[in-house]
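Two complexes, one shared chain (chain A), two partners (chain B, chain C).
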Partner chain A sequence: MTATVSSPPLHAPGVPELSRRRRTRDVLATVMVHVAFAIAMVPLVWILYSVLGHGWHLLLDSTWWTNSQRNINPERAGGGVYHAIFGTLAQALICAVIAVPLAVFTAIYLVEYGTGRLARAVSFTVDILTGIPSIVAGLFIYALWVTTFGLQRVGLAASLSLVLLMVPVVVRSTEEMLKLVPNELREASYALGVPKWKTISRIVLPTALGGIVTGVMLGLARVMGETAPLLILGPYASSINTDLFNGNMATLPTMIRENFGLPDQPAIDRMWASALTLIVLVLLLNIAGRVVARFSGVKK
Partner chain B sequence: MAQRIDVKDLNIYYDRFKAVEDVSMTIEARSVTAFIGPSGCGKSTVLRTLNRMHEVIPKATVTGTVDLNGRNLYDRDVDPVAVRRTVGMVFQRPNPFPTMSISDNVAAGLKLGGERNKAVLAEAVERSLRGANLWNEVKDRLDKPGAGLSGGQQQRLCIARAIAVEPQVLLMDEPCSALDPISTLAIEDLIEEIKTNYTIVIVTHNMQQAARVSDRTAFFNLAATGKPGRLVEMDDTTKIFSNPGRKETEDYISGRFG
Partner chain C sequence: MAILTGRPGPGTSPPPADLSSTGRFGDRVFHGLSTGSGIVVIGLVTAVGAFLLAQALPALVRNDANFLTDRVWQVDGDPLRFGIPDLLWVTVISSLVAMVIALPVAIGVALYLTEYAPPRLARPFAYLVDLLAAVPSIVYGLWGATIIITYVAPVQTFLGSVLGWIPLFSTENAITGTIFLASIVLAVMILPIITAISREVFAQTPLTHKEGALALGATRWEMIRTTVLPFGTPGTISAAMLGLGRALGETIAVSLIMGTTNGAFSWSLFSGGETFASRIANNAQEFDTPTKAGAFIAAGLVLFVLTFVVNAMARVVIERRKAFAE
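What follows is the complex of A and B.
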């Protein structure tokens, strides 16, 4: 625009002012949006406040991170949560090792290859799996592992039940991320004489990597906090057990459960501190996931 | 290197819809052939059958033959992946790979084709970028993301990427439609330079561009919406634009419709 063309005055004749009606609506909508936000924040802040307030002092003690609860009675303070952290991380890791490839390959099938009836059936099954209550997943693995095969309730069995819960979450998130990769990139790759599988593995997956990692982290966060199947398949143990194939193995959720409902103050403190530890663990994993996602995939 | 293409009795379908009907044409080696015509007449569709990109779309099929150097690309035992290595393509919108640096983008075709030798790759990157008139602008930032370039530079990067695998034919689907006039000029100059080594087919909506860059021009049209597109005529560009053989060609290039 050149300088000779002056912009019209703000209230030029024929340009109506913002009507009172619209102004009122604007204010109303703004207030409602902010109030809704504030209400949504209340439980979040409240949870963090109570968990931090009740649990933080135990986390400052180094034995909390290095010791187990072996030989420590509910009425006695002391001991740590190492055994439960180990159990939670080990079971989540095994779960991820099984679930992530399964879920990512399923998502690749659904987005890149699947057409027709089979793809619809797979997609429908994933939907059903998403809706399965976690306790049912626990019961299913119990029926398979203990009733059918006659095996013991060990860490691995708990991991397997978590797989059932993690797979649908990761399938759906990965699917969405793969769909976001523009078709133009696939075509560009095909046009260079790159076969389809290589286009997927070297162009499509790296482009979607950030989102896939985020989805995996969300799935991990979900299974790490999952309690119901562990109540069935993962009995609590107060000592360190590093063997996923033998014996009871503590996890943070079962440790919380173990210390819940006891009259003794040390047990109550341990319950809150375990809850805080679980939140911190999930938070750290999320941060790690974001860092990984940032340094790989799409370059900015 | 460059080779001619003989298209015979080509019918192109999207599922049951016949998009293009009965196209026969010869595309000369070491020359630029322009496809012009109104929207929906099937010129991009025909272009995409020349490197078997058409069939990437679900349920898209082709009948007829496309001979490259006497070999029908649609023979049963021909590998479409190999065809696309011989017949490269540049798209309407620049589409560099967002996960890759400038040099990785150019080397993508070779790397994904199995080439590991760093010296060979570096040599190909420089040669292709020089060939695409982009080397001087990017030689100091080869490891920077390709998506950080301007639109015109990105398109030249895509041309560099396409010629890095040393195809014999280069297909360009409206390569300048997303670019400003200066970038368009750069691409047109580039086409003029590289046509000595390649057979180039370019789809364009810009008639001046067709007149400027091409040696031969094919005019496509369709009888009505929903009817298949067809090749109306194909001739030397100078003849098409000065003295076309058909009335509808003249109407189109003089702007009476389309």
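What follows is the complex of A and C.
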């Protein structure tokens, strides 16, 4: 936390009063930064308000959570989002199963083992991975999965492209957490003759667990909202598909995209309702992540 | 501290062997897994570049047009003709305008959160700004394409009537889903990124500098101008570039917002067009032949290189500052 320096008394005895120009500038700056913050809040409130306002009524319908869009065309109301929620959760889960071990071990390497050029190279590539546009991640998996291996565009391929986007988030947050684990803990463990791998797996990781979980949740929230790679790799389907290896699989983002730009009111309603569902899912994960971070983990 | 983590600090020579590791089976496995994961990450990034290059090359070889200068995009049929100048222009200008809009606001917000906000509220407020980053980009797309479009239109008309003599603001081929609108939405999307990093560097300003300025009789703004801003400048520059990198690669929001112009090119912000990312996304369902996909992969490769360069430059700026601060 930064210590806030309070403003000096503007007029102390014996000190000449501030010139009008200096005082005006000070007041102007104060007003400007407050305005900047207000400007930043406008889109957040506006987006939440419009998505909530347009989408809430469909979410109250129980079929929304239990049905798919099978046999429902844009002109007809009804159906639900079950198939898309399933797809989003399934792809995110598979993505996490691959990305989390890779990312956590990479972070362990960076903090506990890595030295010299290799560590710098790993750190640099994680930075590059952070900046890779999601559409490029999608193109890469397309080039690998479809063009090179000749496979179909299935749920698993979409999951793989999400792995590239999740890994850097988890690496960076895990790395931060591992660095916060006090060295006294490691020293004490080594002093008792505990081997390094046991020190890491029994002492360091459990201490940092809260922060790692937070990183995973934030990473999941990020990949669940990703649309670009799914446009290339995960064509929409209106029915439930539980097979990650076969057939098209719906996800919330592709369902929104599918209903975008149609003139029919039921489709427009569905678009906003699925956007609201996605936001709720992502925000819940996000808030849960912050709560975990708050109540566990390493205290500075 | 450096010795205990097994990570030598700058200037110290690395220890001959890792003393805390006993060479047991478990240690070797763990070391192997960690190092292996690091190498896999390097491999992934290398593979992205290599695969994109490998699949773009055949299409580039069969390209009849000049990839860098010709404004055509015919990827059906055999003599492929495709070039990227208009994609490059729309991508770069929309991101630059977004950065120009977002940067002053982000600096203001970062200053508010570090210097002005009541300490008790600074954290929850910072979290609210971070929530902007959590909103999925497709939702930004919906918001831009269906809600704020009606509010931005009068602004465009006004700007066009006042500044219309500059080609950048010409309203000649004005359409509704403009580059300008996309830039505004992109600005909102990169605002939390720039804010978060600027906030972090502003908060690191040495307290003694700030107290010194105040003790010399500076007002709060003069204190910020003479200590916080100079200290934070490199960090803010790199934050702006990371934001730029994000804007360059943004796909779905741009794709939903920006109308396509069907080949009519204009320098104006009030016309439409496609960025690298949105052209790939708009045609993603039609990748049927490897050469056709190759043309889009070539565009993706240029985007990858562009974001790579911007991000790497941002990192270099921030690394140099770190070295200076330590």
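The rule is short, and it goes like this: the second predicted complex is superposed on the first by the 247 of 300 C-alpha atoms of A that agree within 3 Å, B and C clash if a C-alpha of one lies under 4 Å from a C-alpha of the other, contacts with A are read in each partner's own complex, and residues count from 1 in each chain.
Following the convention adopted for this analysis, a contact is a pair of C-beta atoms (placed from the backbone, for glycine too) under 8 Å apart; a residue touches a chain by one contact, two chains touch by 3 or more.
Just so you know, these numbers come straight off a predicted model, no measurement behind them.
In the superposition on chain A, A:Thr115 contacts both chain B and chain C.
In the superposed model, A:Thr207 makes contact with chain B only, not with chain C.
Of the two partner chains placed by superposition, A:Ala267 touches none, neither chain B nor chain C.
Of the two partners, chain B and chain C, it is C that touches more residues of chain A.
Once chain A of one complex is fitted onto chain A of the other, the partner contacts of A:Leu192 are limited to chain B, with no touch recorded for chain C. In the superposition on chain A, contact of A:Val169 is made with neither chain B nor chain C. Applying the stated contact rule after C-alpha superposition, one finds that A:Leu278 touches chain C and leaves chain B untouched. Within the superposed three-chain model, A:Asp26 lies in touch with chain C and out of touch with chain B [touch as defined at top]. Within chain A, the residues touching chain B in one complex and chain C in the other are 115, 186-187, 190, 195, 198-199.
Residues 1-5, 7-8, 10, 15, 18, 22-23, 25-26, 28-30, 32-37, 39-41, 43-44, 46-47, 50-51, 101-103, 105-106, 108-116, 118-119, 121-122, 124-140, 142-144, 146-148, 164, 167, 171, 183, 186-187, 190, 195-201, 221, 224-228, 231-232, 235, 253, 256-257, 260, 271-272, 275, 278-279, 282-283, 286, 290 of chain A touch chain C in their complex.
Chain contact summary for the complex, chain B toward chain A: residues 51, 53, 56, 58, 81-86, 88-89, 91, 93, 95, 97-101, 108-109, 112-113, 145, 147, 158, 161-162, 165.
Taken in their complex, chain A has these residues touching chain B: 115, 182, 184-195, 198-199, 202-203, 206-207, 209, 297-300. Residue ranges of chain C in contact with chain A, taken from their complex: 1, 4-8, 14, 18, 20-22, 24, 26-27, 29-31, 33-42, 44-45, 47-48, 51-52, 54-55, 104-109, 111-117, 119, 125, 127-129, 131-132, 134-143, 145, 147-148, 188, 191, 195, 203, 207, 210-211, 214, 217, 219-224, 242, 245-246, 248-252, 256, 277, 280-281, 284-285, 287, 290, 293, 296-297, 300, 303-304, 307-308, 310-312, 315.
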